[in-house]
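Common to both upcoming complexes is chain A, partnered first by chain B, then by chain C.
Showing the complex of A and B:
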């Protein structure tokens, strides 16, 4: 810091007034040391090799401009690559080459430019540190007094403090004016008597007699096709005919079902739910009761269903009770039966809402 | 005021006579903008130099990269969930029904030259953005840079961290692929778990039932308009305060609370910082040209039914996902005909409390110390042992949540049971921070002791000599005054004494404050004093 002729004195002055800036501020529980080690001041400046050796300086200069030229070359390379590696339709390798070569050209352009500039700054630019003095963030007493005065004058001239009727009505108006904006947001979702999220959540498209069909083909499933240990991803047969614009995804998000066959003696069934299964075949909602991921994994040996999102596990032998993980409730069961042609059908919709819990659920 | 003196040779030609294009242009500008005042004020402003000060710069630069690459992407992306049949270049998905959002993302990836590159630059830069903010916050925390007058800037920075995550999540959801749809499904389930307003909030957000046909367009508005505007506004505020406060600096010889030592903006800082921008950009570009990220073509369009195990959200969402995984089973509570979904509310509350605690930490510490002075010299983490230990506890807490998001991968990778991993992490979530706290505090105090030793007696040189008296001692290399200053210049705080207030009462707040203060400062090691050093010179070996 040799160039700072005055730094020594500033430092000394700064030390004596330590932290104070004129206004004494509370130090709290800090121990104000009277016997502190003194600040030794700036160490002598050490010149760099490029300051001492003109050859090294020349070399640094060469490095910097070479890097800048290299950067320009990288940019040109990127433009050339854009033209030389076009994307050919249906050719993945051309996409890859395009990505790689444009990218490498640009990376070279950017890195060389950056490294060059930093090297210039470090090796060649004047490298002695400078000093700025700090000022307290708090305004000076006169500034603060003037600010207070300004407010006082404004208050006096407007009568804001005096005319309380005006003031209070203004505050009221200011509180009221954003409220319409809140109301406007009602339009975010459909309106009308049908538009009730609770009603929508309580029902799925399953109804009595709907055939259980494979997801996504919509081919109905016969009871005899379901062998012991197998698992089927199921949708209502009608869902497959639904177009995306007719609510396919919305219905599917609620109606997906897992179908499994266990040995009937493995199933522990409640009395009132005994006829919900058919010869060891059971159907459960595939929508996790935690936050709604599809419970996609079936562990044959243990008869456990596993949700891959947060690892909730459900016991198929015991009405899909939660045996591990953050899920809050068993997976709802879809009561099933077999129709005259041997196809599996639903006895009804689910008897409780599927998927994550919500406030109005009871 | 800057006291840098320019090297002699550049100051010779005094006020070139008017002439030359630069002079004319400068004059033209100044007569219309007063720009000379800004150059005079800021041109030689001093910025201290330290590698850890670059972390915030990385964050700023990655945001610029995100804006540049993101603007390119908006020219091609269609934020619509209208159903289309994909007819682009990627053969495996040809003819598949998907939303226009997904199809246009595939087009960007496979049919537009440089499109995939820009997508990957955008995504990698986004990951870097959140990561560098996080690291920058750790630097600020552990060095005590959040102390007066910078408490509010800590809060502003913290808001930026939250905004960055929101930007990340909304962006991640836009391509409407299988993974992003599953992410949204999880958000939907969490929103529904909020008491009273949850069901309707989800209904309004998705414009009907999940997934609906609105959400991508809405997230797009947030992602490219509202959130970036907020990020920009908060960055502007953040930097404004950096200018007002001037940058902090580490303790060093000649550094005081009243000065700032470093390089002037023009030219050195501009060259280094400007160059560093290109380096950050270059590194992101290099990664983007070499490594694929978020290959949505492998996942396919969103469908509520399929899902694959082992898929991961972007890293910064991990802690929230992990929080969800650690909740115990069967926590629904049905009361008065309403469901309290504690399986969701509990982790949300725990994470919420954590976030609020981090955000308001500066005010808590200020209250405990009662120190109203400005602090511009950074603490060495060891010298603020309790704060550093609290920080380590917080990092551990976050790390456990984050590890929990990979519980399935941990279980399969190390062939242990899922249950075992989750149970262990559940315990670690509460025990881990406590252990980290005590270990860190011990280490800090140990390092302080060592610093003291070195300041007083110098470094152990490893050389053993025998004194004439037959006694063996190790030779100590003395430290220079400059080195010693770094070891001995910090301040000490002592626990607060309870004193009755003016009405002779001891308030509860006082008691709490005294208790916290004892917790903070009971174990402490005083910095070396001048007297000690002088007397130690006597027994220098």
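Showing the complex of A and C:
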């Protein structure tokens, strides 16, 4: 009790001392703690050298107008540079000179303008501290009452509240208005059963009997060409005949394959995937299962495949299992065989979707 | 000796504190002396090797060099040991690349053999290559006509982007691989060594045999590399061609640094 009494008097003392700062407490409200840090006010005004010394002021003025003249010179120089250093066809260095000298002129023009303006403001313009008080934003009571009245009158005059059929049909029309946008944007997605996006992601253009061909020439690869330690960047032979308007890049992005030959005894193969390779030659999708970068950094001694984007590593000897990094699945393997003429061919498409995960991937 | 040693601190105490530059000077003198002695020593060994190699150039000479310098790791019959692979059938191109760029003899077992000053003369390298080539068929040193960098640079650049750029960087500036290995920069590499690297697949680099990239394709790749190295970059300074990291770091430090400095200047009070 005594302590309570003590603290009460202390607070009262604080309140009374606070009174000096002009804070008033309404009767019955909670006790407001006083601000621990009193407003220190402005630091004492310190005149600048340009205020005291007319010579310094003259110099600052000279600096400012010199900068503005420099800015004008920079602009004119940029125009001159455009004429003096034209871009000549077949000459890459002319592009460099053109960019460099126009850029220098423009940079000088803008920087001198900006620095001059700031220097003017800092060194020469009026330097007395002042306070702009904020205006109260709340309207007067009569304005507020009038605003409410206006709404009520509008409701009365338009009959918005009374004519419910008109009101409800208006709300319905506003709801219907954005619907065409939904349909129009849906139309941008692939359409028709052939172009089901899930199907597009699940399958590549590889099919049974497709020859493995070099990227980008499309020359098919014989098994004997692939010596131990070799790596071939592979596309389906048919892809090379595809034009860019016929989806060359779309198909290539899914169908790219990396072909490697290891010593057969180095490969550790699952029983059911034993016939997917040919005499130590293995083919894997080049699309990373993380976010789809081309995985092609093959180390021929460690047999590791490294993805350059996020450092996922795959072990080629062990069905490209992930041994490091953020990828979640092994790279899909393309089952290969050799045809009558000794060329490497695909046994089928990839047996799982290539590339990164997507919503409907199972 | 002992006397001077005990006397010197007393002397310095007499003259007051030792100058702070004295320590620096002492270290500089010591470093210069050590470095000079080392340089002199390594020059003498190098010149000794040169005189020794004056009459080299035969298989027999190569065999002697091999036994003296390589056999401890690769075996006396090139059969390989735990410390080094077999060299039977690697061909003269492989030897010319490994020894001719200084990668061999290996300075230490590690993830990758770095380039270092070449330890043998051209004649000695050739002798070693000839000797190793006699032990089995393998890729040979390419013909001069393929190394003139006078092929189709456009075709070479496309092949480089498909086959090489993922490791060596699209501008040939090199890049990192796994566990301390790296694809070295291709700037300033001799055309003959670029060709030999493609055909032999040194260390962890895959092999690009003539069925994959024909000799003309390899010539075109060398042409493209030399073209990019000999032509200045259009977009200004390339910052080592290391890609977005180097460029991003530059703009973060110097671009944002300049903005911060300007902001500080604008808001600071004028004096």
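Here is the rule we go by: the second predicted complex is superposed on the first by the 270 of 362 C-alpha atoms of A that agree within 3 Å, B and C clash if a C-alpha of one lies under 4 Å from a C-alpha of the other, contacts with A are read in each partner's own complex, and residues count from 1 in each chain.
Everything that follows uses one rule, which is that contacts are C-beta pairs under 8 Å (C-beta built on N, C-alpha and C of every residue); 3 or more make two chains touch, one makes a residue touch a chain.
Since we're looking at a predicted model, the values are computed, not measured.
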First (chain B), second (chain C), both or neither touched by A:355: first
Which of chain B and chain C A:73 touches, first, second, both or neither: neither
Which of chain B and chain C A:33 touches, first, second, both or neither: first
Which of chain B and chain C A:338 touches, first, second, both or neither: neither
Touching partner for A:48 - first (chain B), second (chain C), both, neither: second
Touched partner set for A:233, first chain B, second chain C, both or neither: both
Dominant toucher of chain A (residue count), chain B or chain C: B
Contacts of A:122 with chain B and chain C, given as first, second, both or neither: both
First, second, both or neither for A:260, with chain B first and chain C second: second
Partner chain in contact with A:298 - chain B first, chain C second, else both or neither: second
Common interface residues of chain A - those touching chain B in one complex and chain C in the other: 92, 95, 99-100, 118, 122, 127, 215-216, 233, 294, 296-297, 308, 311, 324
Chain A-facing residues of chain C, complex: 158, 162-163, 166-167, 175, 177-179, 181, 183, 201, 203-209, 211-212, 231-236, 265-266, 269-271
Interface residues, chain A side, partner chain C - complex: 46, 48-50, 92-93, 95-96, 99-100, 118, 122-123, 127, 214-216, 221-222, 224-233, 260, 294, 296-302, 304, 306, 308, 311, 313, 324
Touching residues (chain side chain A, partner chain B) in the complex: 1, 3-4, 6-7, 10-11, 14-15, 17-19, 21, 25-31, 33, 35-43, 82, 85-87, 89-92, 95, 98-104, 106-122, 125-134, 136-137, 185-186, 188-190, 195, 197-198, 200-201, 215-216, 233, 235, 243-245, 247, 249-250, 252-254, 256, 286-288, 290-294, 296-297, 308-312, 322-329, 355-362
